[in-house]
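Common to both upcoming complexes is chain A, partnered first by chain B, then by chain C.
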Partner chain A sequence: MLRYYFKLGLLSIRANPMLSALMVAAIAVGIGACMTIVTVRHVMSGNPIEHKNDVLYHVQVDNWNPDEPYEDPNLPPVQMTYLDAQALHDAGRAYRQVTSFKAMRVIQPVGEDARPFQEDGRATTADFFPMFDVPFRYGSGWDRSADETEERVAVISSELNAKLFGGEDSVGRSITLNDENYRITGVLDTWNPVPKFYDLNNNPYEAPAQVFFPFSVAIAGGFDNSGNTSCWKPIEEGGGRAAFLNSECIWIQMWVELQSAGDKQEYLSFLDAYVEEQKQLGRFPRPLNNRLLTPAEWMEDREVVADDVSVLLGLAVLFLVVCLLNTIGLLLAKAMRRAKDTSLRRALGASKAELFKQHIIEAGLIGVAGGLLGIGMTWLGLRGLENVFIEYDFIDNLVRMDWSMVMLAVALAIVSALGAALYPTWRTCNITPASHLRLQ
Partner chain B sequence: MEIGPIWRAMLQNKGGYLLIALQIAVTMAIMVNAIAIMQERSIKMARPSGIDEANTFGVVSVAFKADIDLKALIDEDLDRLRSLPGVVDAVATNSFPLRQGGWSEGLTREPESGTSDSSSAIYFVDDHGVNTFDLVLLEGENFAPEDIVWDADTDDPWPAKAIVTQALAADLFPDHEGSYLGKTFYFDESNPATITGVVERMQAPWPTWTGVERSMLVPMKREDEFVRYVVRTEPGMRDELMPRVEEMLAQSNKSRIIQYLQTVDEARKLAYLSDGAMIKILTFIVILLTAITGLGIVGLASFSVARRTRQIGIRRALGASRMAIVRYFMIENFIVSSVGVVVGGMLAVGLNIAMVQAFSLTPLAWYVIPAAMVVLWIVGQAAVAGPARRASIISPAIATRAT
Partner chain C sequence: MLKMTNVSKIYRTDTVETHALREFSLTVDEGEFVSVTGPSGSGKTTFLNIAGLLEDLTSGTYELDGRDISSLGDRERSRVRNEKIGFIFQSFNLIPELNIFDNVDVPLRYRGFDAAERKRRIEQSIELVGLGSRMQHYPAQLSGGQQQRVAIARALAGEPRFLLADEPTGNLDSHMADSVLDLLGEINESGTTIIMVTHELTLANRAKRNIFVRDGQVSDGAAELHFAEMAAG
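Moving on to the complex of A and B:
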């Protein structure tokens, strides 16, 4: 019987080609609009380090102005001072700890006529690579001992390796950054976490750094921070670089890895004790306000999903509603037009349940067709967005469709079509037998 | 006249008509809110930056060798740039409006104040700043060459003079009337500055910042490996000069790289890219939505005509004119549309209130609602015109046939 209903459904769809096309197109366009925005939102709100979300924490301590919080309502600063980052790192109370900041470097390729160029660099500590599961093509990160001895070592991205060394294994070779030589300890494999959770300042969707070097080397060399620096208290006048390092300015991102979720409380107590100790020295004028947030919580806190995307999502959902109302109206009209057939079938003994099955299968077919076409529409929508945002060099990170989104599109289409079919089908099932058989 | 019978006939098939009315209502809610957002964005995009956008570009020099004499390099670069034919003026600074990256400072009216009274973008310039940015001085005067200090030559982090925008002066001294010249504000307790000039307008580098109109020029040159030159050219000379400037700077000293060559026009495009994109996306959504709703009305009206073929034939046989048949469908659609746009108006306002609260958008302008109503009425009437015309040519002879 089900096969027969499929056949009936196909026949009915073919009997009204324009109308069926309109219904399929409406569902497809609605699904396409919704899924385009849902896909972008899915990528924007993704958590590239989800598998370690329960052990990684972004560290915040509140060294801010006694008279006003860093951000309402009483939120601690989003970055850390050098003083605190260094002290907390050296205390080594977590399983792993990372202090880092963005520092642009000029790379000088070997060769007479090779032109130097600037790249995004990141000053960080040895734990960065194992902590964030950074994949290596060749070699590895540097040892903790390199941090201590301020050894000039570097990890480079696979793109930079291709540019400088033609993609060969360059471990052990040398790279010149701002006129200083660094020994390469590792070459990364493709690594492009979106959002760039470990540093959400400026642009959370930009490509990761091309070259990594020890935090201690950057501090000793006086490398400028290329990210954000915020200060609430004037830096001691005439003190130069040392005064900046000793200031209350925040510019460093700090992360720790704990071995189990239970260690969080312990680490928080350690932070509180540290701040209390600093209060004795006249720092930290605000009440205790330290925070440990997981990557997911941190991205939520920093609102990495742009407001515009949420606005568009709301409008796209309403758009889908319009498309579905359209489909309901058309299905209803179609059902009413076939009232005569239906009442004949009822008169010949078809039960309401059988009629329901027949019509819901027909709607399901339209839903599947709309869903498949909707995937195409989503693809077109994403290409459209890519085009509109072509000047953003990170846009291709955001307009990627994965299988979960494809499945969601089909599921949404079928659920929508079946939902849309309920009312017309119910009206159909309630047609009384033989009521439409008399001559009009 | 005919509204009564048409209305009563419609009540026989409430479900179908309610569905279209609802569809029109939701369409209207989306349309109105999309237009409100588009209006907000285009107003934002139309704000002038205050500088000569069409003829200005920026370029960055990054010195990467330790033994370089930065002061000499910057002064030589400025001489080279200013003496280049076609260049009106040039300045070494940290940023420019629309660039989306820069320096901001909290400011106070009193030396000992815990919280800041205002905040401002900072542009470090020499005595060529006002001319390079083509600013309009409302009062006071430009910096003199002897006002300019190198940051490395002084222990004071801030000079004692500043040229501020009108908006910054008004925000710092809200109760003050008359001239702002000579008023003093503080970067911090030991660093006061006196206002020596007020310019009409110069935006901060961040167009998304609520304080975007607040900025100031500070007479200081910074001895830094990273320096941004802003160059203003004669009208029409910009594109020709840019590659020449790049080449000239690159050739003059090999211990630095020249990059981030960017016109202010490009910076503007990038700064407002998401607003422009939002307008494009919403326009597309509104057009698509109107098309779908229009097509839906066509489809339903066609059904309705097909179902009532015999009735229409009977009416024609009884003497109804073709116009009367067309009018019937037009009025029917007008009633449905009216219910739709009235409900839609309410939905639109509700949705707007919710969005204003959640995303701090600007509330919609009242006239968008009647405008959208008119548009949807017209769309409805246009959509129903085809099926109505087909209904009107149904032959009266149909009435005599059994179906």
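Moving on to the complex of A and C:
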């Protein structure tokens, strides 16, 4: 019977093209508006490293002002001082540990006519690549010994590799960063985690760095931090770079990878011991307030999904509801038009249950059509957002529609159509057949 | 085999109660061809709707083949309607977007027959009404008489025990009406019980028994008088 009902559904849609088209359009517009915001929110709230969420931790120690917390209510700073980052990294108490900061670099391509250009760079440690499962097209990251010996090595993105070397395997070749040559050890494969979980302090939606180089090289070379720096205590005047490195200014992100979730308490104890030790040296004036947050917890803590987006999502859902109310009206109109057909089927032996199946399947077909058109509407909505926010170079990362969103759009459309069809179908099934068949 | 005893049907609104049938009692035996006549508003169609399980009765009992069906649930009523009763309407009530074959197929779908059995019954009943060459035609491509023949084929395809006809020739010219009545006569001869509501004398005379309904009740012996009055003009 299901095949028969599918056939009847298609015939009914064909027999009432205008009403059917209006219903499909109402659902599609509602789905398009809703899914546009859902997609943006989905991208914003995604966890690109979910598979390691239980072993990766963002490290926070509270070196802040004794008179006021870094953030209410008594939250520790979101970044770390160089002193602490270096000490914790060197302690090597985690399975892997990464310290990093954003540092723009000027790249000099090979060739007389080639003009230098600036790219996002990231100073980091060797564990960055295996810790975050960064994929490589050619080669690999550098090893820990390169960190220790301040070796001039670099990993570049596939885009930069295409720009400088035409996409060829450039491992072993040189790249010039701010007039210094670095040996390329690896070329990344496509890697664009959104949000950029490992550094939420500097625009979580921007693309990853184009070039990575050792943290130790950046420190020794005095590379400026291109990200946010916050200080609660003035830096010693005239102390230069050394004073900055020894200051209480926070500007470095630190992550650790533990071998199991059970190691978290042990590492926290280590942090507490470290802070107690620093207190003896006159630092860390606030009470113990160290934190280890998983990537998911860290993104929630930093409110990666802005409240505005949630408000927009609410409005989009309301808009979908309005569209569905219109669809209910249209379905009722269609049910009225088809009362005679329904009555006839009742007279010929259709039970209310059979009629319910027939009409609900037809609504499902309308839902599928609305969902497919809704995908198109969503695509248009996302392109609209892209055009409105064209000046933000990270907007591309927020308007990406993946397969899960496509499937969700169709599923939402079908569920919406079925939901909208419940009352009209119930009305249809409960008409008195005699009253419609009597009318000649 | 069709027995209504003291059946009442009352339509209620907030302010008005309308008694369509009052203490209506009637028995129709197997193989009968009964015409039901009466003035407008007398309750003929209400009787037919209740007989066809298209409406609930307010009080009384209705037995079909010895079974009280007034208290059946929707699923069971639908099954009885599908298996035992065939309908013929004045305005044919064919589904315009389905061809003749598929129109006749409708009641068989709800019966649960397999495709081969449905095809056999559909072809047999369409052949019976003389439209074997029009199976792929749509209702709009047929004359009124042909459409009514399709409706009869649809009613017969499930091999029902009862055929309920509501003014079956009301929308046909006299030539087509005769041909449809001839067909109904043949169907009755083959054993199907027919109950036909009509207000036309000539049609009523084709039945073997005439029932006259007035004010929602069977009026004994009044049918002949009524027809005589109609014939006298």
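Methods note: the second predicted complex is superposed on the first by the 401 of 440 C-alpha atoms of A that agree within 3 Å, B and C clash if a C-alpha of one lies under 4 Å from a C-alpha of the other, contacts with A are read in each partner's own complex, and residues count from 1 in each chain.
Keep this in mind: a contact is a pair of C-beta atoms (placed from the backbone, for glycine too) under 8 Å apart; a residue touches a chain by one contact, two chains touch by 3 or more.
Everything quoted here is computed from the prediction, not taken from an experiment.
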item	value
Which of chain B and chain C A:Asp224 touches, first, second, both or neither	first
Touching partner for A:Leu318 - first (chain B), second (chain C), both, neither	first
Touched partner set for A:Tyr4, first chain B, second chain C, both or neither	second
Chain B versus chain C as contact partner of A:Ala296, first or second or both or neither	neither
Touched partner set for A:Pro433, first chain B, second chain C, both or neither	second
Chain A: partner with more touched residues, chain B or chain C	B
Chain B and chain C contact sites that coincide on chain A, given as residue numbers	440
Footprint of chain C on chain A - complex, ascending	1, 4, 11-12, 14-15, 340-341, 344-354, 432-434, 437-438, 440
Partner chain A, residues of chain B touching it in the complex	13, 15-16, 19-20, 22-23, 26-27, 29-30, 33-34, 37, 62, 64-66, 101, 106, 114-115, 155-157, 187-191, 224-226, 257, 259, 269-270, 273-274, 276-278, 280-282, 284-285, 288-289, 292-293, 295-296, 299-300, 303-304, 306-307, 310, 351, 355, 358-359, 361, 402-403
In the complex with chain B, residue positions of chain A that touch it	18-19, 22, 26, 29, 33, 65-68, 104, 106, 108, 115-118, 178-179, 202, 224, 232, 234-235, 237-238, 306-308, 310-312, 314-316, 318-319, 321-323, 325-326, 328-330, 332-334, 336-337, 384-385, 388-389, 391-392, 423, 427, 439-440
Chain C residues within the chain A interface of the complex	45, 49, 52, 54-55, 74-75, 78-79, 81-83, 87, 89-91, 93, 95-98, 106-107, 109-111, 154, 158, 166-167, 170-171
